[in-house]
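One structure is given below, encoded as structure tokens.
Chain nomenclature is as follows: A, B and C, assigned in order of appearance, with residue numbering initiated at 1 for each chain independently.
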């Protein structure tokens, strides 16, 4: 089954829900039962499954993480790529680069309140690449 | 190979070892060599592989994490579901929602001191759902 | 396809790049398109994908993590295995025990700046075991 690429446009720090695009790949490849593995090809943005009901959860997560990993920390020596670069690498170390979600009845078997997000850690606009590998059975 | 569901009863914050239940699924499906992917269908409980020898490790992990992510932090705006809800979401962001463990000789190929745990972040009693996808070969 | 073991020698805390060894396994098993799952059989060392361009990133990551999870924290009760043992378990809880990377065109489909590292959290010399499971298609 071919590896698929999703390109996700981001406009700065925050959560970008791509659950619908991932479900569409499962439908397109007609996997009824199996596994969907996701991989982000970057070291300054993460994959995360989080609550999709109350937007305040994402707001609080972002604020908490920015406080834990602030910009302009005097311990950083890697500063040439911008004040938000080293914090982005640290946030990636604390979160997920790959995820795997079972497929049941032709759909990603997410819990009731789970959405799949790209968590962008940098401030700039960018296109991010997420690879999906699906297996049947 | 069918996706299997484990239901794990929890009675509040802490670590729930389900290594034996996961090994039983590997035996039941008669996978001799392959991969077992685990996925938790919640955003306030995590999967974690940790030392299973000294219970003090879990005790210290819980205390350390509760200090890093305390309840009643003034930065939280998502407070309607209880004081332990937003900390639970943050703890999930810092830990794993999915894990994959190779299968060798008909068993999960864990290291000598590794156990598989559900890490419950909320205080209430609940039944948590973990999905297992196995692949042969 | 057989599960493969990489043994990685470490000489204390830090990042050990094993991207080339992992790519060699993909070549040896002649997987053209598929998935490579990695699993570390320890609870005091992690797997991490990070930037491989500027060594200052790893330096800053290590310093930041050591400040977040210091030795000799009075909250630790698990101290019999050395001052660096409980911090190592906490660092493992915050980072990855398993990773999965798609395979495309006979190679791990890493982003331009991504390398695969073992992140050793203890001070001693050791041999660490990482298992690789590959699937074709």
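Definition applied: a contact is a pair of C-beta atoms (placed from the backbone, for glycine too) under 8 Å apart; a residue touches a chain by one contact, two chains touch by 3 or more.
Remember, predicted model here, so these are calculated numbers, not experimental data.
The chains touching chain A as well as chain C are B. By the residue-number overlap criterion, the interface of chain B with chain C counts as different, with under half of its numbers used by both chains. Spacing of chain B relative to chain C, judged by their CA centroids, is 20 angstrom. In chain A, the positions touching at least two other chains are 68, 94, 96, 100, 135. The touching residues of chain C, counted against chain B in their complex, run 1-3, 37, 39-43, 68-69, 73, 75-78, 80, 86, 89-90, 92-94, 96-98, 100, 129, 131-133, 135. Those residues of chain A that touch chain B in the complex are listed here as 33-35, 48-51, 54, 56-57, 59-61, 63-65, 67-68, 94-96, 99-104, 109-114, 135, 137.
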